[in-house]
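These are the structures, in structure tokens.
One chain, chain A, links the two complexes that follow: it is found with chain B in the first and with chain C in the second.
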Partner chain A sequence: MRGFKLLVYALLAIVALAYWFPYAWMVLSSFKTTEEILTLPIRILPRSLYVYNYVFLVTEFPFLNAYINSLVIASLTTILVIFTSTLAGYVLAKLEFKGRDVLFMLVLAMQMIPFFVTIIPNYKLIASLGLLNTYWAVIIPSMVSPFGIFLMRQFMLTIPDDLLDAARVDGCTELEVLFRVVFPLCKPAWIVLGVTTFIASWNDFLWPLLVLRKKEMYTVPLLLNLLGVAAGDPRYYGVLMAGNTLGTIPTLIIGALAFRRIVEGMRFTGLKM
Partner chain B sequence: MSQDKLTPYILLLPIVAHIVVFWLYPFALNVYISFLYWTGLEPLYKAKFVYLENYRSLLLEDERFWTALRNMAYYALGVPVIIGLGLGLALLLNQRVRGITFFRMSTFAPYITAGVALALIWQAGLYHPFYGLFNEVLRRLGLPPQPWLRSPSQALPAILIHIVWKHLGYIALLFLAGLQQIPQDYYDAASVDGASAWDKFRYVTLPLLRPVILLVLILVTIGALQIFTEPYVMTMGGPADSTLTLVLYMYFMAFMYMNMGKAAAMVNILFAIIFALTILEIKVLRRSGAYWG
Partner chain C sequence: MARVAVRGLTKRFGRTVAVEDVTFEVRDGEFVVLLGPSGSGKTTTLKLIAGLLKPDRGEIWIGDRLVNDLPPKDRDVAMVFQNYALYPHMTAYENIAFPLKIRRLPKEEIDRRVREVAKLLRIEDLLDKYPSQLSGGQQQRVALGRAIVREPKVFLLDEPLSNLDAKLRVYMRAELKSLQRRLRVTTVYVTHDQVEAMTMADRIVVFNEGRVQQIGTPSELYNRPSNTFVASFIGSPPMNFFEVSLVRREELYLDAGYFKLKLPAKYGDLLRDAPSELLLGVRPEHIKLLPGRHEEAVEAEVYVIEPLGSETIVDFKVGDNVYKLKYPGEVALRPGDKIYLEFDVDKIYLFDKESGKTLL
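Take a look at the complex of A and B:
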């Protein structure tokens, strides 16, 4: 049995190494000078804590700007998705009306339509509305999430109707029922939905690439792509790695903090379909 | 009372409107655009209606389209690999040892990291012929350095390895969630009957995991057919189109060659392929279920 445990740890160590070495290499490279990068054989550790890659990143490229753009877009998208999903989820789970099942089927069907199918018409629509190079070009198409509606509906189904009826008997209006009874219970589902939406929005590439063409409107992935092109010149290699380091930190921290909830959410939505 | 009856509709109206405007209408409009010769610069109503010309030229004349399809078939090779490895990794991550959460999080990290950043770390940091880590390791072992992404024969497998690495942890977590829903009683009962570890895996784990395997299979197939970021960032579909995917070619067709009609036709063909494969997988896995128990 001890031998088995040792084997498990040995395998886990290999897995951890396979998963962390690219990140470690990224951080180490971000502290190297151009000479260190061009010298063979490559030294694994940087000679000193050379911070000028980070300085160049902020002074020569609009990196801080991209950071703010990403923060604004991801935050607004997250808030809107939570709002629309909660509203739709509540109505679809807790209110009785004609056509409810048809509407829910519509949401499920929408989940089946891959994103790329809508790219060309949506690009033309956003362009004709004059929204290119604005935050709204990214936010508006993704402010309703079929996954989010599905998640919130499934979650609302777990809230007993008796609880809502009791509040109504006590004299709560429909809005009060929502704010005093339903919303406080929603917190765990909101964390799952909020974290996954924020991360997906922060990491999104193809759609922002199409609708954000001006450098000052770039999100972090778009700026990293620009740095990647610049890094064809080895002088920018360290700057690229500095950008990657700063650009990947937010989602990794959020993901680590909410890891247990994300896994619970996967069990909740992924497997009960 | 009548106002109460209207409430659900009023609440849902903005959301349904959004679905119609940004999903259903584009979906339909895309079919119409695929029958047009349209550069996207002139208004839609001025575009010339060319019937099935876009489909015909794609399927019969466009070599790059078929190259992209062949590459996609290669990317699809990653599907069984990722499912096999993902299942193995899930069994490992299911062990109850101290610190297991850290290892679960480790494999999950790339899934929540920007694809662009990871692709650049691998392209510039690992696969680079001169200052990449992989060639440094090869040089230290006395082996010849490789061109990796700069070679038409190595670029596609190199990107495939990267993509499997990126998504494996997420797949393993899905399998893990499935594994944890199998009641311990079943394994205990199997032990009483004298089942070996392999028997338990074959006759308890696999059959009970079937719905999860089907779900993962569908997710991975759909994902594999939509690959864009990695070849765009790492190789721009090259060298010599060896890593071109259909979504990447569609992007070039629509936004660089300004041929919206042909790009829309490509989108529809890809959608049809995804749709057909998904149905096929559901049918095959449901049928094979008869043998699994």
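Take a look at the complex of A and C:
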């Protein structure tokens, strides 16, 4: 039994190392000069804390600008997805009307449509609305999420109807039922949905690449792509690593803060991510 | 406080009729129990009174107001749900205060009233706890508190005791009843447990298949059930039924095949228009165990003995069917023993076999 446990830990350690080593390598490399990065035999730790890569990233590229763009887009998308999913989920789970289940099937069917099928029509739509090169070009197509609606509906089904009835008898209007009873109970589901949406939006590359053509509108992945192209030149290796390192910070923070609650939330919703 | 009147209430869900043409009245301060098996329409009726469902037909009056078109919040009723429906994200205090907060009462008054109710229900130490930290009985008190604190015109209680263990249920039964007596609030109480209904109610409305079967005090329902459904539902163990034919010769008697039962002559007039095929109803407590063979006794075989200490339920077989009798005290009988029984003819019931209506 003890030996088995040891084996499990050893295997887990190897897997953890396999995941963490490239990350650590990236972070450490961002503090190295180009010569250090290219030197053989490989040196793991930087000789000194060389910060010029970061200075270069911020001064020579619109990196801060891209960071703000990404934060605004990911945050707004997250808030809107939570908003639309919660309302739709509530309606689909708790209100009775003709055609409700057909409507829900349609929402699920939306999930089956591959992204690439929608690229051209969406692009034309956004272009005709004159929204190219604005935040809304990225936000609007993803502010309603079939997955989010599904998740919130499933979650709402776990809220007993009696709870809503109790609120009604206690004197709530329908809106008060929603705000005072349903929403406060949604927190675990919101955390799961919020984290997944924020990370997906933060990482999104293809769609922003299509609709954000001006450099000042670039998001972090787009800017990193630019750096990646520039990194054909070895002088930019360190800068690229610095950009990547900064790019992972928000998702790391969210992950660290929400990890526990995500696990709770997944148990709550019975869903796997 | 107010009376509640329900007239010709009908509610359908799709094609199923949940409640049909239900009419009854609850007097001011009265404790009325809606009793029936599950799916008989009693909870639907309660939700119709609360305004959580809309009736297809009929009228609901609370006080002197027709409330059909009022939303629940304007009906001034409070409801306790079977699973208590406490708000899980609020403490016991916040749960009780919630209806007052929604009505935007001043903070000091809310606090005063919540503490008063907590004292009444002896839950003062629980006010800071969340529902998940409370036991079933404690949750139940908080749910009651949330209903009482409003000082509503009407209490609606939907099987509030069914999730408690047997001991606590008996205790809470008495507590609830004395609470209702003290507060004198018009109360409509739903249950499927006839013991609960009999012990708590001023009057009982018996439901079956969406229709009212009988309305009356517990003793009226026990002594004068209007049909076989009420007769079998009220009383524990339930009434025994025998298929019999009525024979009118020089004497009046019932022929059950395995036994004959002589009826007193005074029943002759009452049964003049009765059909010949009847159902005989005898309550277990009205069957006497005779010490030995007797000419007019009913011969039976012991099937199972259920000792309860103060009394014994004897299950016996007549022909192929099993019936029950209640014997005060303990009996020295074993399954398979032959026994001789006497039915108390003054306390028997006769029902029309077709309609189930009570004839005697």
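Note that the second predicted complex is superposed on the first by the 258 of 273 C-alpha atoms of A that agree within 3 Å, B and C clash if a C-alpha of one lies under 4 Å from a C-alpha of the other, contacts with A are read in each partner's own complex, and residues count from 1 in each chain.
In this text, contacts are C-beta pairs under 8 Å (C-beta built on N, C-alpha and C of every residue); 3 or more make two chains touch, one makes a residue touch a chain.
Quantities reported herein were computed from a predicted structural model and do not represent experimental measurements.
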**OP:** Scan A:L252 for contacts with chain B and chain C and give back first, second, both or neither.
**Re:** first
Original post:
What is the contact status of A:E176 with respect to chain B (first) and chain C (second): first, second, both, or neither?
Top reply: second
**OP:** Could you look at A:M105 and tell me whether it touches chain B, chain C, both or neither (first, second, both, neither)?
**Re:** neither
Subject >> Per-residue touch tally on chain A - higher for chain B or for chain C >> reply: B
Original post:
Touching chain B in the complex: which residues of chain A?
Top reply: 5, 8-9, 11-12, 15-16, 18-23, 25-26, 29, 37-38, 40-42, 84, 87-88, 91-92, 95, 97, 100, 103, 106-107, 110, 113-125, 140-141, 143-144, 149, 174, 199, 202-203, 205-206, 210, 220-222, 224-225, 227-228, 231, 234, 237, 240-241, 244, 247-248, 251-252, 254-256, 259-260, 263, 266-267, 270-271, 273
Original post:
Within the complex, which stretch of chain A touches chain C?
Top reply: 160, 162-163, 165-173, 176, 180-181, 184-185
Subject >> Contact set on chain B toward chain A in their complex >> reply: 5, 7-9, 11-12, 14-16, 18-19, 21-27, 29-30, 33, 40, 44, 89, 92, 95, 97, 100-110, 112-126, 130-131, 133, 136, 139-140, 165, 169, 173-174, 176-178, 180-181, 211-212, 215, 222, 226, 228-229, 232-233, 247, 250-251, 254-255, 260, 263-264, 267-268, 270-271, 274
Original post:
In the complex of these two chains, what residues of chain C are touching chain A?
Top reply: 47, 50-52, 71-73, 77-79, 81-83, 85, 87-89, 98-99, 102-103, 146, 150, 156
